[in-house]
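Just below is one structure, and these are the notes that go with it.
Labels A, B and C are assigned to the chains in the order they are written; within every chain, residues are numbered from 1.
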């Protein structure tokens, strides 16, 4: 299974959720391939996969998004995302982090809803985006004890696109560090695509079965994509590429700047290996994290 | 002989004093992160710092630029996911949380979602993130932000995170478990909330600050506590920790103008 | 503590024309190829290169005209056949060849690393090996009267080896997954007056101190360390990356032809100028293909 084959399996109009959080483990190689293949009218169910949201909004691939928060941590607002909402070309349905995750958890548990204490009393529930309020939540009196309780409905994305540290060929996933809601996304989605930094032997997985975050029975496709999160990072492998993220952030001031960025890194880099050569293997090597610290220490301190 | 404390340093010290030893503190990016580490290094060594990225009780050597930054993971006692970290809030295990905001009203309700219309807005902001979860569920909330009329408004354009909603009893009626905001720390004053009316009131001023300046920067009628205190002055030890240990390169402190 | 990290240019400047240079690695495994390429760039001359089982490392140095004397048990390109530059130079009498078995070659370093003048072995007795090797003499065991070969210690002017990690102070480690092969490189490194170690990654001192058992060379044994990601390429590097068979094949074809080896050196060594540019030129597709363990996590 190549990256291109996996991406082409996603039809226009599909709904999807992507793994990652801020500068960590977002499936950016997959996103560049979506930009190249050119799907349209996608629905994103997003919890902090801000770079995926920003780029797909920038190229007009997203029609609407269920979201809790898209913010380029370390830089500023998602300019293209904000502009699309402000111009009415991107529809939104807001949540809190816990709220949107609860919807995925409900979906993953095969339940119609999840009771929740967040979002209550606020415009997150009182004002609706594109979703009819009755589809999103109900308030009721708890049958146990009589307190008011809100029920938030389940969400089941068509696809989950998750970039992880290791997978065996079967799809057993072990990953490092803080995984955001990768496990919940894998459970909720109907079709799970995993891109992995390393494909390891199944023996390596089976030596530490308690470290397996997603078992193969939940995974439909596995693709080996080294540096697949660049310019975000992968814990235990490489840090985020701050100057490269800044390059996009600067370019995002204008539509022309954004076009130039994608021309350079998508149009002129027709496959992932060519993209990595544009960045330069030597530059990627500088991003390798320290084994004990977990990040790249700058400032010359040993 | 070190230079006089800046407003950022006053604010950070005031925020750190809100954390009591042994508590569970939910921390975001920015001054709250510095305040959390200052508390841990001084009067609250047993504070358990928790982050929405799922990082529990870390011991960073280098200051992180965000809650997703790998610097923050160093020495963590546990790393789980976002669902895990936020469920601690809902269960009532989090004593205190810190929030920033784009708009705030007299009842401590916050807007980080949209200005000028919804869902099609004049200015679309990032969205709740974990802010609503913290405001809904933490036992105490402390808000840290700049103080101006654009921010301190009579009526929010979108209510993202609940303070006291529309007044006494409203949180309970809505079914919110957490206790609501207890403090607002700005670059012009330290404020709290009148326990009877739940409305924001001035509680302390910085050296050189005045009530007139605070009222002039506030777009709603602001209560004033019976006794206005002086904001706690950062000690030499606190300044040393802030300037030379926790944030030596001034990632968060010093970005804003001096007092 | 003294900072021992240097650039490639600074490190290889410690090698002088005519030096005896011990080279680590064996059978296309973890030869210090980035350092070898820098030796070629700096056009060192009349070197006496010593190893225990060598290949593209020595063949390239010979092809670049850096070598006067070769001392090892084997120089070949494994499945790609004989080492063409070595063969041409040896047959034309342009280099002196000192023959060894793997045991006797290692014994030279082993003795020196133990501070001994020589070690004894039965290997080589009755063969032609001692004829070209002034370092081998037959001796009589004073206890039993038996015949043994004494193999003299060698103290190279410089040793160059490649390892996995080091901190800036020069504490060198191999990964836990090192597939048992550590001792020859350690002996080579310890035998020399000047020891240059290239490593895949310079790491924090915290990383070194959290796994002390992985240290193969404490800083007292090391003159300087150089950061060289993929620094053994096209050789393999234990669990980190496999042989680059495409590149080795391309090298073998180039080395077979005296004009082609000039072009190889021009394109891959002189034109690149340093290890960063070299690995950029090898490219992501090839390097990701050979990469095995890429996580840096301990």
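Assorted remarks:
In the analysis below, a residue touches a chain if its C-beta (ideal position, glycine included) is under 8 Å from a C-beta of that chain, and two chains touch if they have at least 3 such contacts.
Here the structure is a predicted model, which is why all the values come from computation and not from measurement.
If you draw each protein chain as a dot and join the dots that touch, you get a simple line with two loose ends.
The interface with the greater number of C-beta contacts, when A-B is set against A-C, is A-B.
Averaging Cα coordinates per chain places subunit B and subunit C 58 Å apart.
Each chain gets a centre from the mean of its Cα atoms; for subunit A and subunit B, those two points are 27 Å apart. Separating the CA-averaged centres of subunit A and subunit C is a span of 45 Å.
Residue positions 289, 293-294, 297 of subunit A each touch two or more of the other chains.
On the side of subunit A, the complex with subunit C involves touching residues 165-166, 176, 197-198, 226-227, 236-237, 272-274, 276-277, 280-282, 284-285, 288-294, 297, 302. Within the complex formed with subunit A, the subunit B residues making contact are 29, 52-55, 61-62, 65-71, 73-74, 79-83, 86-87, 89-90, 109, 113, 118-133, 136-137, 158-162, 165, 170-171, 173-177, 249.
By the touch rule above, subunit C contacts subunit A in their complex via residues 3, 165, 167-169, 201, 203-207, 210, 229-230, 275-277, 279-280, 282-285, 287-288, 291, 293-298. Residues of subunit A that touch subunit B in their complex: 21-24, 47-48, 67-71, 73-74, 77-78, 81-83, 85-88, 91-99, 101, 105, 116-124, 126-130, 139, 147-150, 177-184, 233, 235, 239, 289, 293-295, 297, 299.
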